[in-house]
Amino acid sequence: MPDLQGVLDEIAAEMAVQTDRGAVADYIPELATVDPNRFGIAVALVDGRVLSAGDAQDIFSIQSISKVFTLTLALGKVGDGLWRRVGREPSGNPFNSIVQLEYEAAVPRNPFINAGAIVVADTLLAGYQPREAIGEILRFVQFLADDDSIVIDHMVAASERATGFRNVALANYMKSFGNLDHAPELALGVYFHHCAIAMNCCQLALAGRFLADRGRSAGGHSVVSAERARRISALMLTCGHYDGSGDFAFRVGIPAKSGVGGGILGTVPGVGSVAVWSPGLNRQGNSQLGMLALEKLARVMNWSVFGS
Amino acid sequence: MPDLQGVLDEIAAEMAVQTDRGAVADYIPELATVDPNRFGIAVALVDGRVLSAGDAQDIFSIQSISKVFTLTLALGKVGDGLWRRVGREPSGNPFNSIVQLEYEAAVPRNPFINAGAIVVADTLLAGYQPREAIGEILRFVQFLADDDSIVIDHMVAASERATGFRNVALANYMKSFGNLDHAPELALGVYFHHCAIAMNCCQLALAGRFLADRGRSAGGHSVVSAERARRISALMLTCGHYDGSGDFAFRVGIPAKSGVGGGILGTVPGVGSVAVWSPGLNRQGNSQLGMLALEKLARVMNWSVFGS
Amino acid sequence: MPDLQGVLDEIAAEMAVQTDRGAVADYIPELATVDPNRFGIAVALVDGRVLSAGDAQDIFSIQSISKVFTLTLALGKVGDGLWRRVGREPSGNPFNSIVQLEYEAAVPRNPFINAGAIVVADTLLAGYQPREAIGEILRFVQFLADDDSIVIDHMVAASERATGFRNVALANYMKSFGNLDHAPELALGVYFHHCAIAMNCCQLALAGRFLADRGRSAGGHSVVSAERARRISALMLTCGHYDGSGDFAFRVGIPAKSGVGGGILGTVPGVGSVAVWSPGLNRQGNSQLGMLALEKLARVMNWSVFGS
Amino acid sequence: MPDLQGVLDEIAAEMAVQTDRGAVADYIPELATVDPNRFGIAVALVDGRVLSAGDAQDIFSIQSISKVFTLTLALGKVGDGLWRRVGREPSGNPFNSIVQLEYEAAVPRNPFINAGAIVVADTLLAGYQPREAIGEILRFVQFLADDDSIVIDHMVAASERATGFRNVALANYMKSFGNLDHAPELALGVYFHHCAIAMNCCQLALAGRFLADRGRSAGGHSVVSAERARRISALMLTCGHYDGSGDFAFRVGIPAKSGVGGGILGTVPGVGSVAVWSPGLNRQGNSQLGMLALEKLARVMNWSVFGS
């Protein structure tokens, strides 16, 4: 195995001089102010080590990466019954498409498109007030990363709530078909808040390490079964990058989930988890440099799940 | 590693007594007559061994599995330029959908849906008569499997040509957008013939072994680079089972490609390739018992690419 | 010209004994309680006479018929600039489809589908509070019918607001594309209230008489130009019955607009307007007996715009 | 009534100096060579007079206008049973859309979109060889116009057959769903030939006069019932101009059918029929000057069906 720290340093140095960095998401005003020149990367190995390079201590909004954690939580709560309300297939459409919902009677294609994640949020409301459900999600992420300092950025949540008309549309549309148990604004409240969880690369890699380690968390606890960790990883590979999932699998070959804040969380089964962050996005809404960095990392370290 | 031969025998025995075997494809008359009670499985390991169980010597129509071989051949011929005419994303639609073509100006989503494979066939016609292109494909499959006895079942090709109105529609539709270089009936002729290649499980596993062995064929030749083998495997995982690709990745976790003849070809990177066959199909058009068998095989052998 | 009163009486008698009366709309709880056995019909001739038969004095919820009045009001307010934000083409989709919006960047196909009417309501908010805009619409309808007793049924408006998730989805979706100037809930407030205007057949026929009389209202006032009256009539013919507009034109041949409350308002250019009401709906969401009655009326009176 | 000949002359003079004339259809090579500066107009009154102006004696390809005649013929042959295989609703999509077919199981929305007209052509093949069916259509048009000199331009038919891949796609797609009784190429043969009927404005107006005269042809024969003439006119109004049908009804208000050759046939119930021709097309594929001319004619003559 090549010298991982050296590889990370080299990648960070390379990314620092990239000029084509993509465009920072501007549809959430609070995110539009982020400095596009940042780049961070961190790896949490199953042996317990955490290596990093670049701006790996900078806090960013994890946005849709949080869907990995809410899905894990919801599967623990309602089990495979979840799959009656949300599918497991790639969407073949941009991440906020409402067309697919209409043709498939409001059952979202997978839990990583917005509509699917809103359904997942709805299941987490069972027996809880929104505030409690949000608290539970945050504590779960803190538990996974073994780090109580992780918080929700309420400015981002408020910004998203004030401008997230399309998500309001999706939620009300599903409600009209009976695929939400709670009021759309409650499910959306949970959704907007978990998307606003703020972490740095090291925390994020640690939080996602259970996927690479047969379901065991950074703190050594068994979070899910090895089979469930594999299955969540499979969903990340087929559905983790919206309309660019196929291309990501083709080029990188690591199960991963991106967010419009510019973060990507990947898992290398049996080896460790990796988190990258760079705010500029490509056309599919995934971090441009993040994807480039992971492509290089996978190639140099032989970390593609499709072989060396 | 558990005793592989024992595992295969056990799977074959289990499948023999399954009562819910799916439905044999009836839209190609020539395929509708196949005995639904057959089941075969074969594994071609990178160390050279071939193990099998059940009806692994029975010849069947590989149908869409052939798209793996034509894609490999086309990439060798035109390289990454192919991706200007066909995408790399899961389709999110049934395998013969024409809707996606209309919204995306006749660029098929990936090379494994019918429209994409017809484009691939069109590229293989460059500089050739249809008969020559078909011959080249057959010889390539023979070369991959190191077996000159593999043939095309011309009755199946004729049957498909006589009834394949939807494929004729797809080809003409793409031609109207300029995404076929040759006459639609020529590209379709190549397509119908390569789908009619007839093989048994052992031959099929051997033909696909290059995917698991860094691009090296059963006969020891380097067919493609290790990177291309990984990339083709990635496409199989994200797009190999039509509208059931996500579910297959979720449950089985092995890159694989299915055909309506009831075969499935899978690859376990660094370990070997596996071919299963059982004619009954599930609702997504994939072999019902084939998928069940691979699910069990992956679990028992720890062959999921998403971890043990 | 046959004896019109006799024809109306005969139609009312025929409709009274019909057994297949369609299904009362149940998605708005407040409407679901209406007696399906009612049938009323009224004609307001341009010479000033009003003839009626059956339950023509019964008050019902005019629902989408109100879109004719808000369109007229909005054209008076913003003129042809309205057509930059809403189209003039039949939708080819059920009345609440969101698919069309997605493919056409949130410009609704015409002002009579729900999305289009919400845009029209949004234009009526310019410079007004919702309460004022609603008051203006009501006063306009009272003015058209020359009848101050017409009211809004606030129970129906509240019922629709509480359950109209799909309309909330449509409004938020258009807002996300920038095709609403005001907050979605404000435009929806106006929309839900004008749909809840309650009238009887005589009042409704009088309110719509301006369409048949070159733009002159029941009270003798010039409301719109003759050209605008023709154009609104054209929209009613091509778009007035959702996904059943073509069939209505084919069978009846009178420009008309229906509502899920079971009412239909039609216009016979140069002759007069006609209002029918029967709560049971056919598969396209149009009054079953209302359509039957108009088909007979048009045939007997030679009132089809497509010739005698 | 204003002086009709004077009005026609004035319109022809106005159109002669128009500079924005649209674009001549170029997807059928044989049509692309037509001189864009031509403009002709003719009116066939129910009293027997025929008035014309401009290039009203120039022969042009009537293209989709022929669908009015084949629909009339098919209704005479199979009656209302036709409506089980083709709908009566506006399409809400461009004229050659295949999407609608997929979502509605290959039942075309109406007989005036290409798919619908191919189904109509298929019904005309019952009991006939293609050549005989084509002959029957031509003789029917000759009979309607009372003019044996009308012919089919076989160069245009051949040109369309050689390049009409999208129509081949539509036909094969419907065949795959069982909505064609004959081989796709036979139905297409009939379709391409009836689209290639060549006429001048005077002949075309005469051929369509039965629609305005309660079903009575130019030669005085009863072709269809008055009711059927009304119903065909209704279809022309709601579906006669592809995706621009609503706009045409809104602006012109005359039931009419256009063709990509630049012709439009309209009917003014009880008054007469009108044919215009100018080869340049607008964005929706309808004659740009033809529509303008009809808009003026309808306004000046008070010929809108929606009132004076």
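We just call them A, B, C and D in the order they show up, numbering each chain from 1.
Note that contacts are C-beta pairs under 8 Å (C-beta built on N, C-alpha and C of every residue); 3 or more make two chains touch, one makes a residue touch a chain.
Worth saying up front: this structure is predicted, and the values here are computed from it rather than measured.
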item	value
Most remote chain, CA-based centroid, reference being subunit A	D
Separation of mean Cα positions, subunit C and subunit A [Å, integer]	47
Whole-Å separation of chain centres (CA-atom averages), subunit A against subunit D	55
Contacts with two or more other chains, residues of subunit C listed in rising order	103
All touching chain pairs, where touch follows the definition stated at the start	A-B, A-C, B-D, C-D
Touch list for subunit D against partner subunit C, complex	87-93, 100, 109-110, 212, 214, 226-227, 229-231, 233-235, 237-239, 243-247, 249-251, 253, 255, 269-270, 299, 304-308
Of subunit C, residues touching subunit A in the complex	97-99, 101-103, 165-166, 168-173, 175-176, 184
